[in-house]
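Working notes for the structure below.
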Amino acid sequence: MTDSPVLQIEDLRTQFLTHGGIAKAVDGVSYHVNRGETLGVVGESGCGKSVTALSVMRLVPDPPGRIVSGRVLLHGQDLLELDEAAMRRVRGNRIGMIFQEPMTSLNPVLTVGRQIEEVVALHQNLPARQAAERAVEMLRLVQIPEPQRRAREYPHQLSGGMRQRVMIAMALSCNPEVLIADEPTTALDVTIQAQILELIREIQQRTGTAIVLITHDLGVIAETADRVVVMYAGKKVEEAPVTALFDAPLHPYTRGLMVSMPRLDSPLGPERGELPEIPGMVPSLSALPEGCRFAPRCPLAVQQCREEPPLIEYAPGHVAACWRAGE
Amino acid sequence: MAEEPLLVVRDLHKHYPVSAGLMGQVKMTLRAVDGISFTLARGETLGLVGESGCGKSTAGKALMRLIEPTSGSVRLNGIEITGLSRRELHAQRRQMQAVFQDPYSSLNPKMTAGALVAEPLINFGLGNSAERRARVEDLFGRVGLRAGDMAKYPHEFSGGQRQRLGIARALAPGPTLVVGDEPVSALDVSVQAQVVNLLVRLQREFGLAYLFIAHDLAVVRHISDRVAVMYLGRIVELAPTATLFARPAHPYTQALLEAIPIPDPRRRRSRAVLRGEVPSPINPPSGCHFHPRCPIATERCRVEVPELRDLGAGQSAACHHAPAPPAATRETISA
Amino acid sequence: MSIATTRTRIVRPLVVRRRGLLTRHPRITLAALLLGTLAGLAIFAPFITEYDPMTLAVTQRLRPPSAAHWFGTDAYGRDTFSRTIYGGRISMQIGVSVAAMSVLIGVVVGMLGGAIRWLDPIVMRISDGLMSIPAILLAIALMSLTKASVATVIIAITIPEVPRVIRLVRSLVLTIREQTYMQAAIASGTRLPRLMLRHILPNVLTPLIVQATYICASAVLLEAYLGFLGAGTPTEVPSWGNIIAENRTFVQLATWNVMFPGVFLALMVLGVNMLGDGVRDLLDPRLAGRIGK
């Protein structure tokens, strides 16, 4: 495991034109992921975690969306400067991506084996026979039973968990340097989620792929991530190694998220009390509050929070965008 | 048994005919709900959990007769619901209301918030228009919405607010039973806690009984007094919440609990992940439906369907290998 | 900022332009202008032209367009401009009546069929039967039974249109019936009549408005065909189809008599279709995100 960043995002801004004006979906986000590392990106819907990933892949629909500034460096090369043909050679080859809904991400009229073959043939220039062998090999890698037979089946013949395995096989078929997994287990049942997370972990140990795991589930983060980025309303509000984040969350939003989730070890019965709430709701991205975006919902908010807080390093590798996080 | 519980479900079935083959010549039966029984007391919350396709939502809809059950008995307040005529059923609907999962599709987009909450009152002929208005305003306040928002349309509300609207609508006719079909699953984490707290508060205020259908075990654990676990159309375990989470008796319950990610990186474990997937309910495995995935399955599990057996202290499980009821009295967990 | 703008075309700022009505909904605005003008001409025809569309003036036969007769005159010396704008009255009357009647009947029957299970196959088979009758054949049959009149034409065009609406309404009802809000409404004790009026009907209407404009456009065209074939409105009535039919023998001698009503007909159909497309895009939430184009 080396510590050179494979993928580095710098000050990325992606905006959407909506009826209500400009929505700042991603507003100056920076993060990086190293080889062999899993970076967890956590946040609620609309926090910009998925748009950041789409921006990295340059898959933001334009219109209405556009990357307005920033850099996305893959081994130091800015992907935002590539022409479309060069970018196509990056997508699916050097960066693989898996999505939440595996059914809509697969082509319903092609067998799953064929779909993997096409990816391999496109990027690696393999002859048809070898591509077919590679497809079966990939299906075996993601632990699909009877890979020879499954390769000849269509997506609708597979269960949700199997389809997600196929997506992972496809994303990994060209040995990408980075795998971006956007809510890969959200549509799956818990027992299947456990299988898929285990699979991702195993594959990473074997291949050393850098993984960006995007999720809303702090449990999934705790089980899989090495480092965590917490996002809120288009901004990175906290970043820390996973144990540091769960031991001592700094940002009031992170703290709020952690306590508002019911836990399996919290007290039961009459003494359970109410769940601590984060009051209010996520602000609209086209009408963001001045200064700290969390301030209107924050129990610690003071006058100073009208000014935008910078990211301050409170401990090695542990940064938070909050004026009062250190108190 | 001095008094009958509020809700008594006995051997409820919901089967769907399925045709397969090119011409639909192969007739099969999908047993979505395959004989479930449970009771629910006044003011109690029963959590109904299981993975997708286990039949928990179908069970909720069948017992409310939003879909017609194939067979079985549902008694609410001592009245048999399954045999009622359309007119008689309408009268009983006042007693049982529903909150749905998706706050985006469960509210008619063409009706204002006020009209949505007033509708059940109109349906049951409750109050004149002034009284209805006052009642709607009161309900808005109780679920944490502003009365000024009554003229707004659903799309003008956030997800959490819409679910509050759905709850106000369910409470409007004054039910004794509320069936929540994944009522907080579609909400963001920070909003979910708000709605869970609201549901608990309203339960205390109105003495409601909840049938809380969900897949998120942590939420179910927080809100329920007792929990029933379903697998392929059958209840495999039913127990007081504390017992179920501390001493799950059925191997499936154990696997389900084991699979939940714990939000604590220090307790990251390499665990025994349940292998395989839920089989099709059209052609479920013989005997115990769970036996092909079960780590402790024996020959008996392949042939003999296990009955839901009482294990003492309110816990019962449908497993041949579940521990026998202890001879000595175990500490009783209040339900 | 400067780094981003100088480098590539993918990274560039997003600009919001303030847009006027015309640029925001160009199709609807244009369609409204076009249809408004045509309707204005038809409605205020007596004030716009001094010529009566029916008065013969044998001395003025087949005059080309001039300051006195903007669109020239026909073989009987009647003013073609006057006849064309009066003709708009007939076309609009027929277009609007056919659209209104077929939507009305279609909604009632389609909703009943969609909501009441046993009625559905009966409604659908009758619709299939009606749809197989060509409007032109039906018009000719009706004309042979009764006298030619505007009402006959409206009925003849409406009958084959109705099943199309029924099919649309039925498919919409079947979709809406599966929505969770329908189940929620049933769970809160809503009975069938109210379900249909408050929950199904309002959600059916929006797509029907679009369908109505297409029906209107096709009715206007169909009326012209019927008139041209002599199976339409009575020949003395100046409808666009009749004017074109009457003047077809002189088409090489006096192009204007066919061309101007033809252009009006085309403009009207264009206007109605543009309105329909515009309204469809306006109401379709999936296209809402595209305003930033």
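We call the chains A, B and C, going by the order they appear; numbering starts again at 1 in every chain.
Note that in this section contacts are C-beta pairs under 8 Å (C-beta built on N, C-alpha and C of every residue); 3 or more make two chains touch, one makes a residue touch a chain.
Since this is a predicted model, take the numbers as computed values, not measurements.
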Furthest chain, CA centroid comparison against chain A: C
With contacts counted as defined, which of the two, B-C or A-B, has more C-beta pairs across the interface? A-B
When the C-alpha atoms of chain B and chain C are each averaged to a single point, how far apart are the two points in Å? 50
Between chain A and chain B, what distance separates the C-alpha centroids? Give it in angstrom. 31
Where chain A touches two or more other chains at once, the residues are none
If I count partner chains per residue in chain B, which residues reach a count of at least 2? none
Under the stated contact criterion, what part of chain A meets chain B in this complex? 44-45, 159-162, 189-195, 197-198, 216-223, 225, 242-243, 246, 256-258, 260-264, 266, 268-269, 272, 274-279, 281-282
Which chain B residues qualify as touching chain C in the complex? 61, 64, 66, 90, 93-94, 97-98, 100-102, 105-111, 119-120, 122-124, 166, 169-170, 172-173
Interface residues, chain A side, partner chain C - complex: 15-19, 21-22, 58, 63-64, 66-70, 78, 80-81
Which chain C residues qualify as touching chain A in the complex? 1, 3-4, 7-8, 10-14, 16, 288-293
The chain B residues in contact with chain A across the complex are 51-52, 158, 160-161, 188-194, 196-197, 200-201, 215, 217-219, 221-222, 241-242, 245, 255-266, 268, 271, 273-275, 277-278, 334
